[in-house]
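Both complexes shown next keep subunit A, but they swap its partner, so subunit B is in the first and subunit C is in the second.
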Partner chain A sequence: MNKLIHAARGVFLWVDDRLHLTKLYESTAGHHVPQSSGSWFYVFGSATLLCFMIQIATGILLAMVYVPSAAEAYTTLEYLTFHQYLGWFLRGVHYWGSNFMVGIMLLHMTQVFLFGAYKYPREITWITGVVLMVLTLGLAFTGQVMRFDEDAYWGLGIGVAIMGRVPLLGEQLVNMMLGGPIIASDTLSRFFALHVFVLPGGILALVSIHLRMVLTKGINEYPQPGMLVRRESYDKEYAAIIKKEGVPFFPKAISKDLVAAAVVIIGILACATFFGPKGPLGPPNPLQIDTLPRPDFYFLWIFAIAALMPDWMESVALLGGPVIIGIILFALPFFNGTGEKSWRRRPIAVLTVILTYVSLGLLTYLGHTSPWSPDMNAWRSAHTPKKFLEGRSPLELQGSLVIQSMQCRNCHAIDGIGGQRGPDLADVGARLTKDQLVRQVIQGGGNMPAYGKNLTPDQVDAVVAYMVSLRTPGVAAARDSSQPGRPPME
Partner chain B sequence: MIRTILLLVSLFALGGCDWMPGKPNPDSKWREASETSDFAILYRQNCLGCHGIGQVVSGSIAMDNPTYLSVVPREVLLNVISNGVPSTAMPGFSAAVGGTLTGEQIEILTNGILAKKPAAQPSPLPPYAADPGDPARGATVFAASCASCHGNTGDGGEKAGSVINPAYLDLVSNQYLRTVVIAGRPDLGCPDFTARTPGKPLSNEEVADVTAWLISNRRNEFGKPHAPAQPPLP
Partner chain C sequence: MNEEPAKPCACSAAPKKTSRRDFLLATGFGLNAIAGAMIGIPLVGYLFSSFFKPNKLEKISLGQVDAFPEGKTRFASYKNPMHREWDGQTADIPCWVRRIQGNDFQVFAINCTHLGCPVRWFEESKLFMCPCHGGAFYEDGGHAAGPPPRGLYTYEVKVENGELFIMGGVIPNLSNQNV
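Let's look at the complex of A and B:
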């Protein structure tokens, strides 16, 4: 037995001598970290990396079935989802893994920001993290394209339209992205290459640098109010912290990361089990207008901004916005690299985070409901509540039918039923006078097309008569304030 | 023994995974609109905006109006759904006229609507279509049967609005006027031909006459009588 142990030790020492495994262990898993960093707030980085590893594993399995060709991608998705044994579950884990990865990455970034971990001497750790965020979002976007359905098609169309606005290079960029001027057979191949080779490769490379920085510059100590970062003294202070209360990352500090990893895995598996994968929705057919495309949740806020901003701001905001955000994020550790780390004494940082989360949350909610998208079927399926038909004259009833047949309901709800892009018509008779309604219908305005050439005078009469009648019982029709003596219905 | 049990349980659990709550239902698979063959879905998606049914009221005649269903011939209903009624708010739904429904779907809609036809029908039933009668006699019929709601001149009363508004009359077909006289809008309080005068249903001639009187009230923008080109039957 002793001989066996002796022989095994010899083999290990030989391997260790050649590969320097002990040194590698001591400088990585065994390196000392501040005891205070063994906190639940410090688990998000490893959890993001775990998600990435899950994505690689499930991505490899998916790639065994998925065919990245415009002609077959949709069919293979349907096969995976509805026919392949547990294919739906695999797709679900990959989909939810992506959601978790983006969400946890955002939490990691927030924690790093609030704990001042981007400050001296961890500038490069922060910058590689920012690039990792961009690559992760790129991975998410290209992954959305892999789910080659109507959402993917239109999402890609919007992304390409933004690229096409880049001055001078727009056309070339679009051609490079799509493999031609339009979304065609080459497009999916390019995005597949990006999704499974280029972006994961880039992430692996940057994660290496990111982790290298974590090892060389150390994990940020849990910030205490009043402990200021000074370039002249921080390195010595950090060394003193490690000397005084340093613990090896493994097995001391890793315990919470392991628990968090278990929670993340259970979370992803549970979401995949109970909610399943997303889509595929309808096929990526540009002729299919009966669709309400939306991006995945992490891009809903951009979807909302693009839909809600005024026309004149679009190019400036869509092209300038990312540049400005990028400059701020890259420059942050340089213009705010020293001083207070604790969020308790950094009210502007806390307000920035709250404002960012509230803005992203509201925009995401709006993106999820997307009230600006017409409901292309409302004209034939959205009925009118009885209270808005009772007591109406035959002409007004005909007006209600013209509103349906001319597809006004695609954009205008009545009492919440129908499209939400334009104002609800339930009380339009109390808001606009008959003259104003005639003008609006004929000339349009405020994002509404002019219908003067599409409606006969009789149809305008009927529509306007009906709309004047749309108001809460007992509420008078809107009056022309320039002619106070004029009865409202004239 | 314990290992065997654990192995069996694991295999059972793995085998059971394929029917978890998140597993997409094959019914949720995206399908071409042309594959829909359920009457209720087709009606809800295509008709409900204008034609109420059950508890839903809409701007035009409900497709479960018993009197309407008693008089409308199947071929007319099929034709109207397929091709619409030109110059009115009723569009055609067949692919041949730019609609989205297949012939089979239009058949399903027609059959589904007619399936709601009541077993007991009023008798005698006026025919669905007929030439307009005498407008002068129609004015008398209107005064006796309709004026209590629509006013003595037809220009609106306390209970109901004008039926001689020129814009209204230009937006509807002659057949629509006749159909409303026969079937009414009971969902909005307008009775059918049997109940306009309690105990005295309108006769075939009276229906034709009052329809003719309504048609005679058409006016152009100068207030002169005019008859817009009428589409062929429906």
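Let's look at the complex of A and C:
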């Protein structure tokens, strides 16, 4: 037995001598980190990388079946989902893996920001991280094009409309993005090339720099309030921390990363199993225009911004916004590279995070509900509650019919039923006088089209009579404030 | 960093040998610069080919004029003039044809001028409505409501021998507004 151990030891030493495994371990997994960094807050980086590896594995397997051709992609997606053995599961893991990757990446970035880890001397770690975020969002966008369904087609249309706003080079950029002047097969092919070669390659390259920086500049120590970063003394202080309480990352500080990794994997698998993959929705048939294009959830906030921004600033914001955000993120470690690290003493940083999350959350919610979109079928399907019809005169009932048949309900709900684009009409009679209603219907304004050309005077009379009657029982009709003596008109 | 002990070097005595090495190094760099350009220029040219190729519009038939009733707006479609076999359904491009009267036509692109979503025609209210951000357009394509920066894009229309033609072949967006 001793002989065997001796022989095995000999073999190991020989291998180690040739491959320098011990040295490799010491300079990578075994490098010393501050004990304080073995914290639950420090698991998001490795978890993001883990998601990326899951994406690579499932992506390669999906690419073995998927055909990136505009004519075939949709059929192969259906095949993958419904016929290929475990195809639905792999699609689900890939889809949920991307959601987890974007989500955990944001948590990682938030933690790094709140813990001041971007400060001296880790500027390049932060900057490569910012580029990695851009590449990851690029993967998310190109990925939803891979799911080549109606949303992918019209999502590309949205890309065209944004690119087309670039001054001077707009047309060339559109052509470059589409591989021609129209969305067609070349478009899918080049998004495929981006999604499976260019962007993952870029991520691998940048992750290696990112991790290399973690090794050379060290992982951020758990910040203590009052311990300020100074360019002159930080390196010495960090070396002292490592000397005093440094432990090898593996096996002393990795345990929480391992637990988080398992939780993330199980989470992705559970979502894939219980919720399944997304889509594909309807086929990418441009003639099928009865569609409701929506991006995947990580871009819903941009979709919402596009609806809510005043139109005069839209092009500037859509094109300039990303540039400004990029400049701020790149410059952050340089204009805020020293000083306090702990979030307990950085109220502006905390407020920034809260404001960002609240804004993103609200915009995503709005993007999801899209109250600004007309409900295209409301005029056929939204009913009028009984209480808004009972006891009405024939003229008023006629008005209610006109409101229905003229698609007013697509934008106007009555008591919450119908489109949300314009104001609810349930109490409009108490808000606007008859004259105001006539003017509004005929001339439009305030984001309402003018109906003067499309309604006969009789129809306008009927519609307005009906709307005056729309108010809570017992509430008087709106009065003209310039003529207080005049009785309300019914 | 262990410094090598200084040893007598032949090179210092013979500067000519060094210059041959320098020459080889320079040649190596030079040749690779040329080779790099030889491979790089075509690659870049391939990638940016769209920058040098101007878009060309083609005359496309939308069918007989009589298929479109006067005073009405109808859904129509055509094949992308540059379509290829493997384009599948994406080769079909929809549009809205409004026959005002006689040979007086307006043909609108399907794409909303805001962010390119497909607008839908509502005959009763005579409005085009967009499902994305609530843009609305009048019967003549004019901007009616919502965030779109302008009215609907229109195609150049020609009527020849009772047949309706449009000039098409690019996806309309703000960079090619005249389409």
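The criterion applied here is as follows: the second predicted complex is superposed on the first by the 466 of 490 C-alpha atoms of A that agree within 3 Å, B and C clash if a C-alpha of one lies under 4 Å from a C-alpha of the other, contacts with A are read in each partner's own complex, and residues count from 1 in each chain.
The criterion applied here is as follows: a residue touches a chain if its C-beta (ideal position, glycine included) is under 8 Å from a C-beta of that chain, and two chains touch if they have at least 3 such contacts.
Note that the structure is a prediction, hence the values are computed from the model and not measured.
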Exercise. Between subunit B (first) and subunit C (second), which does A:405 come into contact with in this model arrangement: first, second, both, or neither?
Worked result: both
Exercise. Of the two partner chains, subunit B (first) and subunit C (second), which one does A:92 touch, if any: first, second, both, or neither?
Worked result: first
Exercise. So, does A:284 touch the first partner subunit B, the second partner subunit C, both, or neither?
Worked result: second
Exercise. Now for A:276: first (subunit B), second (subunit C), both, or neither, which partner does it touch?
Worked result: first
Exercise. Between subunit B (first) and subunit C (second), which, if any, makes contact with A:443: first, second, both or neither?
Worked result: neither
For this session: Would you check which partner chain A:395 touches, where first means subunit B only, second means subunit C only, and both and neither mean what they say?
Result: first
For this session: Identify the partner contact of A:81: answer first if only subunit B is touched, second if only subunit C is, both if each is, neither if none is.
Result: first
Exercise. Which holds for A:383: it touches subunit B only (first), subunit C only (second), both, or neither?
Worked result: first
Problem set entry | Which superposed partner A:462 touches (first subunit B, second subunit C, both, neither) | first
Exercise. With both structures placed on chain A, which of the two partners, subunit B or subunit C, ends up touching more residues of subunit A?
Worked result: C
For this session: Return the residues of subunit A at which the contacts from subunit B and from subunit C coincide.
Result: 283, 290, 379, 405
For this session: Using the touch definition up top, name the residues of subunit B that touch subunit A in the complex.
Result: 17-18, 20-24, 26, 29-30, 33, 44-50, 52, 56-60, 89-91, 156, 160-163, 165-168, 170-172, 188-189, 221
Problem set entry | Residues of subunit A defined as touching subunit B within the complex | 78, 81-82, 85-86, 88-89, 92, 149, 271-277, 280-283, 290, 377-384, 386, 389-390, 392-398, 400-402, 404-405, 409, 456-459, 461-462, 465
For this session: Would you pull the subunit A residues touching subunit C in the complex into a rising list?
Result: 69-72, 74, 153-154, 157-158, 160-166, 170-176, 178-185, 187, 283-287, 289-293, 303, 306-307, 309, 311, 314-315, 372-374, 376, 379, 405-408, 410-411, 421, 444, 447-451, 453-454
Exercise. Which residues of subunit C touch subunit A in the complex?
Worked result: 47-48, 50-51, 53, 55, 75, 77, 80, 82-94, 110-120, 122, 124-127, 129-134, 136, 138-139, 144-149, 169-171, 173-176
